[in-house]
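In the two complexes that follow, subunit A is the common piece, with subunit B as its partner first and subunit C second.
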Partner chain A sequence: MARKVTARRVWVSTAAAWLFGFLIFLPILWMVLTSFKTELEAFSMPPKFLLFHWTMENYATVQERSDYLHHALNSILIAGGSTLIAMIIAIPAAWSMAFAPTKRTKDVLLWMLSTKMMPSVGVLVPIYLIFRDFGLLDTRAGLVMILCLGNLPIVIWMLFTYFKEIPKDILEAARMDGATIGRELVYVLTPMAVPGLASTLLLNFILAWNEAFWTLNLSTLDAAPLTTFIASYSSPEGLFWAKLSAASTLAIAPIIILGWFTQRQLVRGLTFGAVK
Partner chain B sequence: MGQITLQGVRKSFGPVNIIKNANLDIEDGSFVVFVGPSGCGKTTLLRLIAGLEDVTGGQILIDGKNVVDVPPAKRGLSMVFQSYALYPHMSVRGNIAFGLKMAGLPRPDIDRKVEAAAATLNLTPYLDRKPRELSGGQRQRVAIGRAIVREPKAFLFDEPLSNLDAALRVQMRLEVTKLQKQLATTAIYVTHDQVEAMTMADKIVVLNAGNIEQYGSPLELYERPANLFVAGFIGSPKMNFVSGEAVGEADVATLGVRPEHLRIGKEGEGWPGTVSVAEHLGSDTFLYVDAGKLGMLTARCIGEFNLKSGDRVWLSPDPTRLHRFDKDGAVIRT
Partner chain C sequence: MKHVLSALLGAATLLGAAPSIAQTTLTIATVNNGDMIRMQALTNEFTAKNPDITVKWVTLEENVLRQRVTTDIATKGGQFDVLTIGTYEVPIWAKKNWLIPLDNLGSDYDTADLLPKIRDAVSASGKLYAAPFYGESSMVMYRTDLFQKAGLTMPENPTWDFVIDAAKKLTDKSDGVYGICLRGKAGWGENMAFLTAMSNSFGARWFDEKWQPQFDKPEWKKTLSTYVDLMKAAGPPGASSNGFNENLALFNSGKCAMWIDATVAASFVTNPKDSKVADKVGFALAPNAGLGKNANWLWAWNLAIPAGSKKTAAAEKFIAWATSKDYTKLVASKEGWANVPPGTRTSLYQNPEYLKVAPFAKLTLASIDAADPNKPSVQPVPYVGVQYAAIPEFQGIGTSVGQQFSAALAGSSTVDAALAAAQTATEREMKRAGYIK
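After this line comes the complex of A and B, so read on.
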């Protein structure tokens, strides 16, 4: 009797999980499907699910009208660059907060987080003016800088929680064994924190890749990453759903592939410390 | 050489004084145990010697040299942690070799020393395993291996056996003692377990609330405790305390007698009482006796005593084994 109930419960929860997963996946699936439709079929009513005239035309048009590779390269450089710089700043910062905390460490951490509470649009005008005066508008360096600063609090927080989980005894043992702070970081702390470092790096890269507010407002063409590339398809002449979908599919493809191959790291990173 | 001297060592965390004024002379090659209740400062004192904490005042001398400003690695000491603190991403070999690698020894020397240490501790078959693939006892051995391979001036042990089960703890206790005698290296060992302290130590330091209460050999502490605290802390079951007035010694505030020095006497002889609980262990019998105005007394009798709850008994203390304390708790020597 009891076993039957359990089996049924497993079946129901499995079905529910699949349904839920499908619901989350649906917009992406719809976007991919729409990218293969003609503009007319893209907003036909009732919508066509699979039985439509499949075409690659949108992709050809998109590549013709704008240079996908140029924007993709910008995305990689901006997301990669901002992530790298954020990590270089965050590792020592998180190390000192985790292992040499002062009375004010908690406050500093909270203060950093509080910067994420303000809506970005609130500082758009001053930032825009600063960028204009320093000649940073539509430059990769400018975008790297702003995205790095925007994600730094999250990166430091994540690394801080990771480092906190590393037993202090082990670092003290290394100190007794004659390791200097530098060697302690290289031989003991970093190898132990590799999973945490990897998932922080990945998450930050994804956040930077998808960031649309600053990239849309501060770049036009030269430094424009894929987010700007997508946005260019919602034009004053009206929305071109099929082409917009094709552009979006192209824009998210690299990050989805990256996410697929690193999902274990990502899940571990996001749930770290929650379950022990 | 490994002679360690503490002179007026103090340590406070903010307004809290953890170590008040520690003076101690640890001879080269001796096995010294710091014992005391939790929170007495014994681990802090060890960490001060290790250099993992900075002293607030006073001097720590190793072989006559003040080391308070010397970083832990340069003090020539090695430490075994309660949590073992092995490097989880390194093999057993890597763990033991780490200190030698940091010291910049040539590779063949490192290999030779690691193999020798592993052989001493029966770890040779496990050299290429990771710590997570080892049992608790083996991990403990690796931690000890890491300490001995550096040939330090002294070993510092911070409750190293408290994570092991009872049987393994007894076995490791013997091994650690044997190893220390064989290497003839000074060892400082922190524990809250007085049995460990009594069995392993050449000398015991009893700590209480940041003060060194007494420093001496296990038998000295047992036979001549300096004060009420040491008298109550060392020995199991605990020493019985009765007020001096109640037994007709008005100039004595407290009279102490160990359970093993109370004999079951003839009727009318000694202190009368009623057996409240009798514990029969086979080799010993522990009697918990309600002795009226003297309070509860514990008596330990060798062998089997056919007494049960409610029986009337007379307890006579061995007059040569009485401990007398004044009103401040200090022993009165006669």
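After this line comes the complex of A and C, so read on.
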């Protein structure tokens, strides 16, 4: 029996949702506000919320000193490329584990996840040497590869859990009608798993976009994405918070816009299978 | 149509006849400090004189740069042609043959004009392995108005007793003014830079001649207890998370009566654009404890060429340009004498135009001269370096000791416990590295 929802309950839960939403959003809001402050005001104690001297100076400095578009393009290509390749590998892998499991499937899944358990810096030198010998240092192809490999376990795990929610019988019915595995994947499974695929795609894209260890260590100039653009504004001797905030605001702007337009798929994907 | 074709052919011939210049692209790794950003902005002046060289910059935060450049140089990755490195790295990397000695900086470079202490810090076995771009020591910056109000006069060479006494008198917590602001954030280049320099003035040392750690000696106890007591009585709240930038912001907003830190801060605190107290700042040497050593350090950011670079000639040209006397003049003509990179050349401190706009110049030079990387403390030491020991293990050891001392300042540990933990950790690392048995 459905519980009666009173107006008061709606009001309280809405207020609570707004409050939590605001708390989660606060660091981002603070960063955006700081980007419009002068360096001295960015550090002022007590902090100033809205009543400060608003300035665009930091954005002008960032534009003057760095090639934002070059870094943004690299971020899009690296994050997009690694996500795409990861999906191409992960869909068949997750399919086989979800619909044709063997007694070793669980072990394989755990083994894949175990690769995420070691801190990245542990393999920095070997990876650096491999990249040097294959001429991959400071190339977009190299970064696409390393980010794709780094995120692959998470992508496969996510897709595996989504695929497990899809009834096997539907795929069997398609097979009875003579569909090949390829057709089954493309025409039956994929359309049914669209919300799951979309949220995996977006999450993987965000992970690749924000990845700062490999992108900082393996790129110099040509392939340097937005993470290196942000890192160039931190300073050991000199005030930098306002400029760093301006650079960070510019760096997250594309991903926020993307998230805004895909939020419906994202929410559907994340709650996929929660209600049957 | 015929005309068009012949015109195109003619143009092609002309283009083919034009002398082709082989371009060399230099990739320079640097830190995001004001002087380096200025150098970046002036690159066009260099490329205009050297049309065959293109310069590309990689600017990174100090610790990221250190990790990035160390990985590249250790694996011979060849990603950089010119590196910005500190005085800590130069002797270690020179010993490992990771750097090319700078023998060809040109006849008009005037190596003899480099400040002797700085030149020593970037040389190994008589050879220059890096060219200093800007140098710094540390000194006391204080509020002349607050001192006057309290009837105090800062001597040019103050003792710790005077500084401690003044800090307590000038603290007015109800008004949000603290007697002294010092580094507390853990890190070998953060609180340990200050505390090591302070310990030198109290006669302490990191290691004895046989590399035995010395944190169990009374000199270190005196250093750390003086520091913790002083900060508890006259320091700002949350000092254990304050580094250079946090203290700079506190001082510039009028919250500190004294601040002991890098001499490079002098130009920031006297700049009316960034500082509320720009016209009320005085300078003095870092304090001493009457043992003949002041608590000041020595540091320089330098340009060096990694071994294995295939563009040595172009890199040397750039380094010679960026660290020359002419570069200083160039910055002065574009941005004024107050903005030239300080602390590297004797001639700058004899230049009346510079002395006129930099009230801190005399003390900066005196502070640099007072620091001796080869004899940092009263007692003999086996290492080179004033606020660090130039051995590869120091970064790790310094940071772990820094964490212990930061905890003592925050109150989560005591002075004795922090010193005991520092001694144990340092002994363990030195044994592991084979310095002691």
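As a working rule, the second predicted complex is superposed on the first by the 249 of 276 C-alpha atoms of A that agree within 3 Å, B and C clash if a C-alpha of one lies under 4 Å from a C-alpha of the other, contacts with A are read in each partner's own complex, and residues count from 1 in each chain.
Throughout what follows, a residue touches a chain if its C-beta (ideal position, glycine included) is under 8 Å from a C-beta of that chain, and two chains touch if they have at least 3 such contacts.
Quick caveat, the model's predicted, so the values are computed rather than measured.
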item: Overlay on subunit A: subunit C relative to subunit B, clash or fit; value: fit
item: Partner chain(s) touched by A:123 [first = subunit B, second = subunit C, both, neither]; value: neither
item: Which of subunit B and subunit C A:216 touches, first, second, both or neither; value: second
item: Which of subunit B and subunit C A:138 touches, first, second, both or neither; value: second
item: Which superposed partner A:170 touches (first subunit B, second subunit C, both, neither); value: first
item: First (subunit B), second (subunit C), both or neither touched by A:39; value: second
item: Contacts of A:26 with subunit B and subunit C, given as first, second, both or neither; value: neither
item: Of subunit B and subunit C, the chain that contacts the larger number of subunit A residues; value: C
item: Minimum C-alpha separation between subunit B and subunit C after superposing on chain A, in Å; value: 51
item: Set intersection of subunit A contacts, subunit C complex versus subunit B complex; value: none
item: Residue numbers on subunit A that touch subunit C, as the complex places them; value: 39-40, 43-45, 65, 124-125, 128-129, 132, 137-138, 216-217, 220-221, 224, 228, 231-240
item: Touching residues (chain side subunit B, partner subunit A) in the complex; value: 50, 52, 71-74, 77-79, 81-83, 85-89, 98-99, 102-103, 146, 150
item: Complex contact set, residues of subunit C against subunit A; value: 27, 31-34, 37, 40, 56, 58-62, 64, 67-68, 71-72, 74-80, 189, 243-246, 248-250, 252-253, 255, 262, 264-265, 268, 274-276
item: Subunit A residues within the subunit B interface of the complex; value: 167, 169-170, 172-180, 183, 187-188, 191-192
